[in-house]
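Got a structure for you, written out below as structure tokens; questions coming shortly.
Labels for the chains are A, B and C, by order of writing; each one numbers its residues from 1.
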């Protein structure tokens, strides 16, 4: 019996703490005492509750802090080295990038000109760069046609990120329709290609050589194919 | 030696707890163990750290929960009454969508044809789309059978949303499996009902007699599934 | 409208009344056939009115109830979706099998009892999924009962990728793009013609279950609105020829203008089921 406070009182206090804790945690903004008071059991001393919580969290990785006259949880200041706020926050892929990535996935091996033909707009340089940087797209080879355009394809990392075992697992026309992603009202000659395995070059492709990469200005140390 | 851990060890453990706590607390999405491991002091057992934290927060207003191999802080379910926000229930699932979701969850990996077989009706366009958009359902891959149909399954987000640690925790999963109700075939011990002839209805059966649908106002223009 | 259900409720009244308790989000007016999620749903609903364990329902009584329902709908000229009609045809067939005294057992095809068991199993499985769905939706849900950190401080990147995108985003973008580029916006008017594809689907569905000689069209046509019969006959016939060619169907006819009998052929049927 550690109790100076009677058991009923102690239970009430714990309940008040739990509620305050949950409210502050779930709120998008620091929470005012008035807000808490409204939701805490009647007759509870908000100040006292918050003071107890401050002590409870004092040594933890997360602290309860007062910002002006509002309350918020913040990760402990001494742990900022693990939180590393400067770290590149994950960015959402732009719609253009998503489109280009999808075209490369479905239509590979595909040239840049072909991508533009499918999209009907020019692809800005940065878009492909982003996809390359993410490690999802790579140069596959060169098409054996005039001008020997470079062909693009996806990487194993792409499969990994999007949870596909192989590129052929991408859903086809019927499945996209079935999932409601494509409307039923598409022309009868509408086709979705069955993606060609990312690994083997197709008949009209030549492998990319060292020379090509240099020419493309892409021979960055450690870049290229990677592991 | 059931006793105290050595002081150094204890300090390291506390530090690991604090870091893990801060990292998980900082994020709204579940944080993977791999991510934690990368940032914890070398040689720390992540699972053990998390287990201690789970216990520590068990009685509090905010709990540490596991979703597959990820961790997240969530407000305690019993406090729903104080924090519950009604306006968040904007996306109400249709009955069809909910049913499809349950079938996907319990039968995964499952093809669309199988879902339709179970429900006895075509899945209208948009139903799957809604579930995918919510991030609960995803294309998993393809069945290694003729035609290679695409299979569907649930996502970690589904588990997180419905408060499940893993798929095995789906309510009633074992019983349903045991009863053979998650299979495409009739279980061998499924009781074959003895058909009674039409003339002798059993006691608790009412024959449906003269149905005056007009009177019931059943005259609705072309019901049906529609899309 | 569904509000005033008196004690003198007819069975049908009670039937609809029950549907209110189905936990639907739709308004109380469930009289519309569209309120049912297909024929199996309707059957399940009828089965519940028998108020016994699903494994012990009288499939025969159920079939009759269903057929009467379809019959009544037809009388008041309600258009039922093809799914419902196929089910009616199937049940009519099942009924005939159940009522005809057991003949010497032939090797081909399930007996009436086996078909009845299949139906009972499907109903039970559907009901189980319904219950599972209810339990699922009533769990403490994130964003409704349970909450995440309201003010996240930092979102750790997933598996080291610094770009966020999931498969759904990808497919969504692709489908949208391709659709936009598919310039010809074809608007297909809803015709009163049964396409070959439709007819083929219907036949395959039914044939998946039926493996002895049946005058299938006879069952099917019985349940079609008169206006649809000609087109349905033509399409079903054409589709059946196609199925014969593929070895999925066998056809027999005693003589000119006689009934056409069909049964499942040696080829793999439709592939609607399968593990």
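Here, contacts are C-beta pairs under 8 Å (C-beta built on N, C-alpha and C of every residue); 3 or more make two chains touch, one makes a residue touch a chain.
Note that the structure is a prediction, hence the values are computed from the model and not measured.
Q: Among all other chains, pick the one whose mean CA position is farthest from the mean CA position of chain B.
A: C
Q: Which chain wins if you rank chains by how close their C-alpha centre is to the centre of all protein C-alpha atoms?
A: Central chain is B.
Q: State, to the nearest whole Å, the distance from the C-alpha centre of chain B to the C-alpha centre of chain C.
A: The answer is 25 Å.
Q: What whole-number Å value describes the gap between the mean CA coordinates of chain A and chain B?
A: Their C-alpha centroids are separated by 22 Å.
Q: From the mean C-alpha coordinate of chain A to that of chain C, what's the distance rounded to whole Å?
A: Taking the mean C-alpha position of each chain, the two centres sit 39 Å apart.
Q: Name the residues of chain B that each touch 2 or more other chains.
A: Those would be 23, 25-26, 73, 75-76, 83, 132, 138-139.
Q: Identify all positions of chain C at which a residue touches two or more other chains, and write them in rising order.
A: 147-149, 153-155, 158-159, 166-167, 171
Q: In their complex, what parts of chain A are in touch with chain C?
A: Contact set of chain A toward chain C: 22, 25-29, 72-75, 83-85, 87-93, 95, 98-99, 101-103, 105-106, 118-120, 130, 133-135, 160-164, 170-171, 176, 179, 181-183, 185-188, 190, 192.
Q: Using the touch definition from the top, list the residues of chain C that touch chain B in their complex.
A: 1, 10-13, 15-16, 22-26, 31-35, 37-41, 43, 49-52, 55-61, 64-65, 68-69, 72-73, 75-76, 78-81, 83-84, 87, 98-99, 112-114, 116-118, 120-122, 124-126, 128-133, 135-137, 139-149, 152-156, 158-159, 166-168, 171, 271-275
Q: Hey, which residues of chain B end up touching chain A in the complex?
A: Result: residues 14, 17-23, 25-26, 39, 59-62, 73, 75-76, 79, 82-83, 112, 123, 125-130, 132, 138-142, 148-150, 227 of chain B touch chain A.
Q: Taking the complex as given, what residues does chain C use to touch chain A?
A: 147-151, 153-155, 157-159, 161-167, 169-175, 177-179, 181-182, 184-188
Q: Name, in rising order, each residue of chain A that touches chain B in their complex.
A: Residues 14, 17-23, 25-26, 39, 59-62, 73, 75-76, 79, 82-83, 163-165, 168-169, 171-172, 175, 177-181, 183-184.
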